[in-house]
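Take a look at the structure below.
Labels for the chains are A, B, C, D and E, by order of writing; each one numbers its residues from 1.
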Amino acid sequence: MISISALKPFKAVKYLFIKPKTIRYPFELKEPSMRYRGFHLNEWDKCTGCGNCADICPNQAIQMIKIPELESKSGCKNERPQVDYGRCCFCGLCIDICPPGSLKLTRDYFHIHFDPKTFVFIPKDQETEPEKYVSSEKYSVLKASLSHRKRDYDGFVSDLKYALFEPKRVTMPIIAPEKRKLSFIEQVIGYNKEEARKEASRCLECKLCEEACPAHLKISDYIQAIYEDKPEESLKKIYEDNPIPSICGRVCMAYCEDACSLSIRGEALSIRWLKRYAADTIQDFATALELNPGTATGKRVAVIGAGPGGLSVAYFLRLKGHNVQVYDALPGGGGTMRTGPPVYRLPLESIDKDVHYIRSLGVEFIFNTRIGKDVMFEDLLKGNDAVFIATGNTKSRSTKVNNYEKCELALEFLSDNKIGKPRKVGKEIIVIGGGNVALDVAREALRLQNIQHPGENAAVKTVSLEDWDEMPATREEIREGREEKIQFNPAWGPKEVILDNNGNVKGLLCKKVKSVFNGEGRFAPSFYEEKEMFLEGDMIIEAIGQVPDFSFIPDHLLEELEFTERKKVKVDEMGMTSIQKVFAGGDIVNVNLDAVTAIADAKVASEGIDRFLS
Amino acid sequence: MVMNTILEIIIIILLAAIIGLFFLGLSRKIMARIHWRYGPPIAQPVIDIIKLFNQTSMSHGKLFNFGIIFSLSGSVVVLLFLPLGEMCPLSSSGGLLVILYCMLIAPLGLALSGGEAANPITSIGISRKFLLAFGYELPLLLILLTVMTHFNTISIVDIVNMQLQTGWSFQHLPLLLSGIAYILILPAILDLRPFELIQAPQEISSGPMIEYGGKFLALATIQHAFNVFISLSLFTNLFLGGAENPGYFFLKMLIVFIILLFVNAVTPRFRIEQAIKFLWRWPALLAFAGLIIVSVTG
Amino acid sequence: MDRNKLGKWLQSPGKMGQKYSLHALYFCTGCGIIEIPPTITARWDAERFGVIPVATPRQANLFLITGYVSVKTLRPIIRSYEQMPEPKFTVGFGSCPINGGMYWDSYNTIKHLDKYIPIDGWIAGCMPRPEAVFVAVTHLWTLIDKGMADGYKKYREDYHYYRENQEKILGKLEWPPLFSSKKM
Amino acid sequence: MRELELYFGPQHLGMVGNFSITLNVEGDRIVKATANPGFLHRGFEKLMEQRTWIQNFPLVCRINVVEPDHMELIYAMAVEKLAGIEVPERAQFIRSIYLELARVGSHLFGLWAYANMLGFDTVANWAMYHRDLVLDLFEEITGGRVYHIYIWPGGVRRDFPKGFKDKIINTLHTIGSCVPDYDDTFFNNRIFYKRSKDIGKITHEEAKRMGAVGQVLRATGMKQDIRKIEPYAAYDQVDWEIPVRTGGDAYSRIWVVRDEMIESVRMILKLLDKMPEGEVYNKIPNPFKWNIPDNEAYVRCESSRGELGLYLVSNGENKPYRAHFRTPSYNHGLTILEKALENESIADVGNIMISLYITAPEIDR
Amino acid sequence: MNHTGTSLKENLLSYFDDILVEISDEHRLTISCKKDSVITILSSLNRNGYNHLALISCVDWIKDNELELVYIISAYTEDSEKGKMNILVKTKIAREKPELLTVMSIYENAEPYERELHELYGINFKGHPRLIPLLLEREYEIPPFRKDFDTRKYVQDVFDKIPFVEDKKGRK
């Protein structure tokens, strides 16, 4: 309080005899705090090159630099951030936006140099540059710089709770397992507008997904359009590369979601469901898209197979003004999509919506017509300027174990259930296989059981060579299958189908799998022959893979057709096979065996056909 | 005999420089301790001077150069009249009056050279310097008068000798008053707070020194060191009985200086008119009282 | 630190004097200034190394440019730099004088200080901590030892280039050239 | 007497910040003073129009280097208001504690500047030392010594680290234990009193006319504080007093600063006691897709220098359309300073300027 | 809605007829008026005790080809209701040769604000005693805070064009 004095100030003299409080830097060190925002460090293995840090930097201090030594793969670009300390303000925005959390700020902060060029550098981590990161005993403050840094010295690091992105996706409303397994009702309900916009708002626009997508859809653009509540805009963007959004919005393998940078520490953006939202909200594609076929060229193209590949080729070629006829043996479009995916995943109306739109553009569909039987392949070849084959894999493979002929085959089972007469099923069903088809079969069988044997004890079991983590089916499918109480028996191989006295199926004898792949990563299963297990069951369905059927092609032409090592039809960069003016795409060409790759093939082929025709 | 005197002159100049610089270093160290820090090494002023001599220096004209030399030589002359223990090269001539006269040369020199620099801030600094000198010269004159009247001599050597017989001047009431007055004006002479008005870096950016750099600043620093030595040794000689040997003498100076540093540490700067008001009130009053007592009793 | 080695003092008193008596002139050019008071006061005490602030460029031999430099500040900076006696050393603080820093798109800050006056050392950070200033001082010692802190020589040599750049931004400078141009 | 034109600053030890005053002097008296700011002008508000909402966060705190925290706060408040973002209760407390710490730090800096100006190195050193202790606390919470970038819309950027409460209390006790030293040596120093009493005197009426806020206004006897008028953060959750003096001169202003510092410390201790547990951050929208609807807002807060305002306009895009900061130093440094300097002595220029608590970057922006 | 705001609104509307008054939440009152009535409105507010001019700001609505001036007024008062009020007085003027009367006669501290706006937006305040540059040193063709002044382009054209001394030496 106020008491002015001339003598009291002299009290301060006492500090002459008290030890000074100075820190005798640099002889006496002071550690910066645990959260200090010092120099950058980037864990190269974790970094995906997504470039979010460069986008958010307010000072444009971060640039993405191509690193030729690194391999660019799906979900990981070969670019790494380069930081300019002539710009950086150490705000840490880049840390908070970094989806994989690879970018960190350390507690180092010394860099003194006479050359301003040394202030630009590509941050790496101590694994990549061990010589620059020294242990704390060898570390000297006086030598400290960007090339002399302390090991394990993380400061300000990313924290999901405070990250600038939202790691959790908007929960997709799904019918509960107990309820959905009772019928074939579509299990995913779909986002409403608010949910879709909220989910779309999570997108960081890094475009890793677009590179991962075989068809290279403009994902971030159409998601931005959904966020801005312009579904028409969004659909237009989708239709630039993908003419079957209703189908792809439901059953796409979603390579994009695997690549999504949000998926590394959180949940990937639901790109597929957003596509579905765009396709589902718009009732009338024709008015929304305002697309017209190109000026007529007078050329005719025949497309064999109305699956994703065939539909896409037809669409792209029609937009270029060619006349397209699509032949298919089935009564409607969609090909495998029509017969394969169960109704609870892909209802027929969705397929028809896409096909209907493509038809409205002027594509001619000739259904219920099998090539080789109703129309001869050679006639097509003569009557058209080009032929595109996208027949897909239509024959199921079999295990060929003892008594295999008593088993059912997957494709036939699915097809009958979906577009024919539903099968009668047993009370204990064994499904052989660990792929998506096997799971489709199993879950469909479960539903049939619940319909045909309501209230009784029934079970569906699967047997697969692969163990949990190797199973080719998607994680989502496996999860949903387990939710529906399907019993999985991974890492078991079928040895023999056991029959009872009446010659009916009694069960499956299995043997333990040693390994599925050989040293080179090829499929070559080996077993412990002595470890056996018996699974009871009154119905066995084999779902271990499909093969194409080329019986419609006459033998002399089939001889001309070249195949790759993996028994796929060989095509050139235009999509043309070894037979002149015959193009091919889809499952008979690629190894991915899914719709979006078929679309990608179709895109290539349509460009090729267009060039070939003009 | 002549050789001896020259030797003495050299020794005393060197000694004054060393002790003065030591005091400057010490002041930085002690101030630092009160500030809770370690401060520079004691030799820091020497390092500074070495550096300054190795710098290019910018001259602002002949008078600028002459002024600083003039001021420095003024201080050197004063040195020679001051007894340091037994040593006093010019003990026979002059005395207090000469000292008083010569002490004016130093600020005059600085003023000369500063005026040549033609920077408005320099002129403010110089005007402050003269005002302050005006402030402390009056009490100083009174103090010296008191001392001279008391001892009935103007020779400083005699004063020291007399003190050796009668004890320190502080024991006599009039001289005690003058001594206190002297202590009160010492900060003004030494440019210490609360009278650190001439350089006042925060107010007038080093005032007269603003255009000094390189060797000019080095010479100014040395001059300042001499100044410290002169004022302190004058005080020691007049009031603390001088000393037979330089060591003892130095100790006395040190104690006085440290007391001044304490004041320096705990006071802010005065404004110039406040400073003069203070100088003309308390020290002048005390000194005047001392003078009256001396003349009445004397 | 070789301050106590008498041999070195005798060998090259000039260099040693430069090293251990760095009288700093600082401009409050930018944010960096906020870390200067801690550096020179009780917590860190730069005076231990002989670094003290001085009030006028004539007495200084270390010029601390503490952050971004606006166009209006550039003029007094050049003025002060030219007034400092040689040898003189300049240290740029933080990102802004290196490549614009935060203000890379501001219309009123110059982006690269070394286009206008030579800089002997840069300190990374926004802004540099007092510790970094100390390390910078030790680096400067090494540079002085090796004779690499020669910005002032460069300035002398390339004066007309520097002057040209300065005049591009500031218009005609009101003071005459410091050095007569040798090779225009 | 001859009238002389004198430049005070920009390069000047007594100048806090890069500021310049042109003085017309007659002898020692100032006839006319003209403030000459702009040495630190970066065109902040223009730069803000070029950056997205989130990118502006590192930028705004740099407007005033002495106390970046209130700049962060006011921008966050404006954005929260425009975008309708809620702030959790605990975050409000953390904000208050953090801002009061910032006020203590800023006032200690002011004390340094003032003591340094008067040539009072001892106190200047102490104050700076104690400010450094406060900065250590900031470093612990935010990871930055001076630029913290801590207050975000929707809360704060990180929670307090473990055991941080005790650290705050320890530091405050360390500083508090030296308050008697400060009082004895500085505030009650006779020479200091002489030096600052009746210097740069502003009457209550003048202060109101010339837009004074903060200490300058409170030193003229008016209890005005935005924290009381329009409570933000958690200031309405605890009791506290507004320190007021009536002198209107430099002496009163510096005493208001001192009292405020002590009041802030008391407030921090109270706030720490009442601080609830819970979340500290409501996620803000994805920064790449963050558009704020067409709107405008004027928000104010009490920075350690007085009323700080921000007028923020959005036109529905991902960037501000216009931002304008109303900084307390603006009127203090341009209108009041010119007035207060008239007829004072040259020796008091820095004295008055610092007692008005002016920081140049705030004026120039 | 708070009482102070509504009564002030009624009061204002009874005096002035060509103004638009809106009360937003949290005690913000917006008055939109013609440029000629600014002075009368401000002096009426000042008489009503709203005697603190916090800010004069300007927004460049380039699409409408108009500059909008915003005067933000509050009160020096210890009355909490009144203290909370912030009044935004807005007026629009043309972008070409913008002119307005100074309000320095009502609020003395408008002086630097108007100087700043003159410099950054090129608005001419009639009656202002010294419309000299405040912050800037260089001269700009377009006042820099107007929307059509592109600072990034300016930086490229001016600062980035200046060569490094080493480069220059190397070239010659």
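We take it that a contact is a pair of C-beta atoms (placed from the backbone, for glycine too) under 8 Å apart; a residue touches a chain by one contact, two chains touch by 3 or more.
These numbers were taken from a predicted model, which means no experiment stands behind them.
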item	value
Each chain counted as touching chain D and chain E at once	C
Count of contact steps on the shortest path from chain A to chain D	1
Chain centroid nearest the full-protein CA centroid	D
Farthest-lying chain, centroid of Cα atoms versus that of chain B	A
Label of the chain whose CA centroid is most distant from the centroid of chain D	A
Distance from the mean Cα position of chain C to that of chain A, given in whole angstrom	56
Centre distance in Å when chain A and chain B are each reduced to the mean of their C-alpha atoms	87
Whole-Å separation of chain centres (CA-atom averages), chain A against chain E	54
Averaged-CA centre spacing for the pair chain C and chain B, given as whole angstrom	35
Per-residue multi-chain contacts in chain E, two or more chains	135-137, 144, 149, 151-152
Interface hub residues of chain A, defined as touching at least two other chains	9, 12, 20-22, 24, 32, 58, 89-90
Touching two or more other chains - residue numbers and ranges from chain C	41-45, 48, 55, 72, 102, 104-108, 112, 114, 126, 129
Pairwise chain contacts, counting only pairs that touch as defined	A-B, A-C, A-D, B-C, B-D, C-D, C-E, D-E
Chain C partner contacts - residues on chain A that touch it in the complex	20-26, 30, 32, 39, 58-61, 84-90, 109-114, 116, 119, 141-142, 144, 146
Parts of chain C lying in touch with chain B, wherever the complex brings them together	3, 9, 13-14, 16-18, 20-21, 23, 41-42, 45, 47-50, 52, 54-56, 58-59, 61, 83-87
Partner chain B, residues of chain A touching it in the complex	9-10, 12-13, 15-16, 18, 20-22, 24
Residues of chain D that touch chain B when the two form their complex	4-6, 12-14, 28, 115-122, 125-126, 129, 185, 189, 191-192, 194-195, 345-350
For the chain A and chain D complex, residues of the former touching the latter	1-6, 8-9, 11-12, 21, 32-37, 55-58, 89-93, 96-97, 105, 155-156, 159, 161-162, 164-166, 200-205, 224, 227
